Amino acid sequence: MKRIYAREEFCLGCRLCEIHCLVRHSKSKKLIKAFRKERGEVVPGVMVESAGHVTFAMQCRHCDTAPCLEACITGAMHRDKKTGAVICDADKCVGCWMCVMVCPAGAVRRGKDGKEGKAASKCDLCAGDKTPVCVLNCPNEAIVYEER
Amino acid sequence: MRRWLVQPEFKVERDLERCIQCQVCVRQCANDVHSYDEEDEQVSSDGACCVGCHRCATLCPTGAISISRSQLEFKPNANWTPESIRNVYKQAEGGGVLLSAMGTDRPWRVYWDHLLLNASQVTNPSIDPLREPMELVTYLGRKPDQIRVERGPDGKVRLATEITPQLKLQTPIMFSAMSYGSISYNASQALARAAKAAGTFANTGEGGLHPDFRQYASNMIVQVASGRFGVDPDYLNVAAAVEIKIGQGAKPGIGGHLPGEKVDAAISRTRMIPQGSDAISPAPHHDIYSIEDLRQLIYAIKETTQHRKPVSVKIAAVHNVSAIASGAVRAGADIVAIDGLRGGTGAAPTTIRDNVGIPIELALAAVDSRLREEGIRNQASIVAAGSFRSAADVAKAIALGADAVYIGTSACVAMGCHLCQRCYTGKCNWGIATQDPFLTKRLNPDVATRRLTNLLRGWSLEIKEMLGMMGVNAIESLRGNREHLRAVGLSDREMVILGVKPAGE
Amino acid sequence: MDTRHLIIGNSVAAVAAVEAIREVDETGGIVMVSREPRHVYSRPLISYWLAGKVDDRRMDWRPRSFYDELKVRAVLGKEAVRLDAAKHVVELADGGRIGYEKLLIATGGTPIVPRIKGHDAAGVFTFTEWADAERVRDFIRQRKVGRAVVVGAGMIGVKAAEALAGIGVKVTVVELAPRVLAAALDEPAARLAAGAMTEAGVELRCGAEVEAVVARERHAAAVRLKGGEELPCELVVVAVGVAPNAQLARTTAGAVEVDRGVLVDDLMRTTAPDVYAAGDVAQGREALSGTKRAIPIWPGAFRQGRIAGLGMAGAEPERYDGALVMNSVSVFGLPTVSVGVAAQPPGDAEVLVSENAGVPSYRKVVLKGGRIIGAMLVGDIDRAGIFTGLIRSGTDVSSVKELLLTEQFGVLSLPAEYRKHVVAGAGIEV
Amino acid sequence: MDVQPNPTKEFALSRGERDSAACAIAGVINEQGRRFNGERIIRMIANMHDRSNGLGGGFAAYGIYPEHKDLYAFHVMLDSAAARENFEEFLRRYYEIETEEVIPTAPLREIRNRPILRRYFVSLRDRVLGEHYDLTEQDLVVRHVMQVNGQIKGAVVFSSGKNMGIFKGVGYPEDIGRFFRIEEYDGYLWTAHGRFPTNTTGWWGGAHPFGLLDWAVVHNGEISSYGINRRYLANFGYHCNMHTDTEVITYLFDMLLRKHRLGIEEACVALAPPFWDDVERMEPERRELVRGLRITYAGALLNGPFSVVLAHSRGMIGFNDRIKLRPMYAARRGDELFIASEEAAIREVSPELDGVWQAEGGKPVVCELKVPLDAPEKEPARA
């Protein structure tokens, strides 16, 4: 399947991916509004890590054998049949954070969606969009979406 | 001493309605213009350090940043321009040579903008490049004056004249000499890859050939400059051609200086000099004090390369450029590259950059005419350099007599350069003219290669359109064909030098 | 439909096995037998259900179409009571017999109920399956329960307490160990957890032993601790642990070897041909020690079920990489994660700790020979999985040791080779 | 440096810098060297009347001066007695003049503004040749023609071959033919041109055929590469003064065939080379040859739409641009080979043909005499 890969040697550390991810997964979908009003509410599925000049963007690997899928006690974490993406159904998630505990990439984080206001937050490959927004908006093509 | 008389050049404004405090600008500015105040949770900007490179504004997701020239106006003075006043301030405070980068920004006449191309109407059909072949293939190198053929016993006619080595270009545009050191590894790689992809050539400049780039060597011209950095027999033999750099349009008669702090391990290896040592290119080649010395170097290089590589001689366009070019051809140069007044550089004394040399248009026309007058035009190809901004500039140069052109600034701009002219600071926010690992990674060579290839492709398509519109289908029918040029707003003398008629004639 | 695959159980290991079988064997008949007359549901959710945070529908761990879609014959509400491994036949409590080609025992665990006085009084419940939760709920409603004592402050006890407190019951938790979640958390972490509990109004009695349930009219009226103190209550939840439910395996007269649980190899095979076991009933290899232990861990059960299923269907076997003790428990909203040997590190281990009581947050990493063998996080648990991955892979982290507890610790901090592996994704070739 | 245009040639109606045209061309040769008079070539070119506009026409005829066959037959246009004086003084300096005469013409109402038209049958003085050890007699003739045309005010040598003559001027070609009374000459090879100059009006010297030594070129089309062809030729001592792009074709052929001794086929490759894509597909030896020709003679590449008939003493070559933007038909009947812009022109004089075909772009139609030039005089063929 197509996956998102970071090319850390070209990551600027600008964090535009995080910004656009946040907007894409916000309610308003409007950049300024989303960032002003929903920052802290929406946890971006991509996170930029940096240490010195080394920076890179990390998000869910959508593993073939996904530990988060195996660890999910509610069945909220599931694989989308069409895209192959591992997606969390926020309505089912109870926020037990088993997924957070088992993701070797640290790519699942505690979010604020769902009925209880807590549900695992992670990359959903932009729900089947042709190109995820982090890839689309990376100014240096340091995030690529491809079959490998 | 604090530089208190020199006021900021730019004003950076932030539209607080739009700013979302995302700090992209803070993370992108190598000049520390933007900063985030944790306490106030507010991004703010200080224009004093702004070089006007637009990195922040380009990456700002909400378009909240605008950069304008400082509104601090001097009393109008046609003689004492703000630049000249500021330069005096700077020198009064610093006491040194003022440095600049890229080509001169003074309003010297751009002759391209006074030359117009021709097109077919009725009497000969224009040719549609989308339907008919349109040939840009260009061979650079020495050509014989005539071809001899022999008929074999089988009745087949064979070539009996030996053709000396040639560079085959799919399009008459090459990348100018830009050394690894003056530009980043990624930028160098992109140029080499784009040259290979487009079937043309990139020039190493005087910085040697990084081992990683050997795979592109068949599309690279290696330079031998006065510092001889990175030059050994292998370097000469692995390349497609060798260029002896005598001068550079931005700083004729001036050497070069790569500060030791930029000479990291990789550059040190590539240049074959100790890490951390200054790389100083002397003003002249100390083994070339006359034309016959040049001849010896050319032959030394040809011997070293078993006469398998064309040798180019690059000179700056100075007053007697045509005589120098003629001398170079007679000294054995297979290609003469002429770099005009507006040619770029990574660093040059401002006063030299802005006041020395002549425009490439006049130099090119003079050299082409001179070589034809002497009947030696076939003996060398002419490559023109020094600011080609568009396919039209290239087409006009070819009509004036160039076989091909070198583009440097355009290539940099294609990669993202915003002509802030601060290459010499090593803080290129676009990752081109820098060795800072924070900055070099900003240039993804895949992206840069694609952008360069696109530029070459776009320009090539435009040149094809222009050829077609002129009713010819091969670049050689435009080369030196000044009938296809007309001048507007030039003096008679300028037109004589350019060999073009005024529009309407 | 023939019964190629017989699966005793209907929870995580059983379901994982079915899904794995169907990846390779689309048609072979599958029969699932379950004592509980319910669709596949998630046992860990019963405390959420009791608290009203999850409704009946959301208890489903797989969609209602699960059996149909995977072509499974579900025999629900019937208990398997006898196994004739030689004849490949399982006998049900109602006398029915089901033959099989491959059998999976995934019967899970049974709550341990200490034989204290009064343990059979009305109002004393265990808390491991949905029916338990239903009974507790009904009892609370009928008897207007106002006070409850939860015996045991392990994961089940804590979650039960949280649920009870959530529906307005005044809860006292009695724990024999000196701290809550003693198996998972160390003293400082437990203190934070305890803080969250007491803040929510739960009374904690750690280091206290229950002597008896005091019954009046056969109904629980109090819990008496050793020393005589009585904790008045109308409801007692006993949550002192679970044991493998290996009863079925024990009926084979030793054909299927059983210790605490059913002994399995790394392919989840028992000692009897064609008989597999997975999940809480199984006793397989533990990752760090290499010894066989019964470890009731959800992700482990899934993995075991899947391996068993693949093996049963004849696919290229995946090998079990051993169970890793781990738990993620949200204690009254305070997230805690504990992986590997974290609560009681061995004496020769190097322990790194960072604490921020105010937030609150606590992080601890246990290293041995340059490798992480345990990690514990309380509060900010985001990215805890990176540690889990490092423990699993046995990656030498000596070079990045200083970064482990820093704020910017992330994938970027990992050794390059391992980082490459992580970026490519688990199960994805690098 | 290019020779500056001679601003004094006044016998033109008017003229601009360079003329390009869409025209009619025709040629006919008898391969056995049998001579025939100009009647047929007039009919051929007259048939294509609408392809010209009365601003120029002309003819080249080979084998018409058997009595002077070893002498250069200079046909000269002169605009004044003074010009004649200057020209003749120049001529005498280098040449023995055997015969000189007015070119016979018929008075025609349609033909106006005629210059003085004279011809001189001359031979180069031995002394002159001796002074130039590095030049051949023909090189010197070329140089002298260039000098006259470039430097002597009011004089144009428009035909300079041996045993051949060019007759041209401003008018419809059939009128020019009658004017020059070409039906009275017998030749084995005739070419003709009818002009439709578009960029400028015509002038006498700019009419076709364009000649140098025994080369005569008639050309339909426009040489868009003229600017560079002209500058390229200047390198080799050819100076264009006639303000017509046809001139460069003549000089290029002269240079390639006579001076560089290329075969006709190779010369045509140099002038209208195959496309690089096709070159790449050639077998290696051929590829090297074509590549060598193309890059060496890049300045000689003729670009733009054209069809050309090049005549010389031994034959005739029909030749199209690379992508054949102008028409050209060739046909054969017995010993005779025809080339014309239109098939109808050929059918006009030879309704029955053995074969007729369109020449391919860049591929020459070559016809040569099957007999030696100095073969016994043949009887004039029946017109």
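To keep things simple, chains are lettered A, B, C and D as they appear, and every chain counts its residues starting from 1.
One rule holds in what follows: contacts are C-beta pairs under 8 Å (C-beta built on N, C-alpha and C of every residue); 3 or more make two chains touch, one makes a residue touch a chain.
Every value quoted in this text rests on a predicted model; they were computed, and no experiment measured them.
Peer 1: Determine the chain that sits nearest the middle of the structure, using the mean of its CA atoms as its centre.
Peer 2: B
Peer 1: Measure off the straight-line distance from the CA centroid of chain B to the CA centroid of chain C, and report it in whole Å.
Peer 2: Inter-chain centre distance comes to 68 Å.
Peer 1: Chain C to chain D: how many Å between their CA centres?
Peer 2: A distance of 103 Å separates the two centres.
Peer 1: Please compute the C-alpha centroid of chain B, do the same for chain D, then give the distance between them in whole Å.
Peer 2: Computed value for the inter-centroid distance: 47 Å.
Peer 1: Rounded to the nearest whole Å, what is the centre-to-centre distance of chain A and chain D, using the mean of the C-alpha atoms as each centre?
Peer 2: 79
Peer 1: Chain pairs in touch?
Peer 2: A-B, A-C, B-D
Peer 1: Can you list the chain B residues touching chain D in their complex?
Peer 2: 120, 122-125, 127, 132-133, 135, 137, 139, 143-149, 151, 156-159, 161, 163, 166, 369, 372-373, 375, 377-378, 470-474, 476-484, 501, 505
Peer 1: Under the definition above, what is the set of chain B residues touching chain A in their complex?
Peer 2: My answer: residues 18, 20-24, 27-28, 58-59, 61-62, 436-438, 441-444, 446-447.
Peer 1: Where on chain D is chain B touching in the complex?
Peer 2: 1, 17-18, 20-22, 198-199, 221-222, 224-228, 230-232, 234-236, 259-263, 265-266, 270, 275-277, 285-286, 288-289, 291-293, 295-299, 301, 303-305, 322-323, 325
Peer 1: Which residues of chain C touch chain A once you look at their complex with the stated criterion?
Peer 2: Chain C residues touching chain A: 16, 42, 44-45, 48, 53-54, 58, 60-62, 298-299, 302-303, 306, 326-330, 335, 337, 339, 381-386, 388-390, 392-393, 403, 408, 410-413, 422-428.
Peer 1: Could you please specify the touching residues of chain A with respect to chain B in the complex?
Peer 2: 7, 9-16, 19-20, 31-32, 35-36, 53, 137, 139-142
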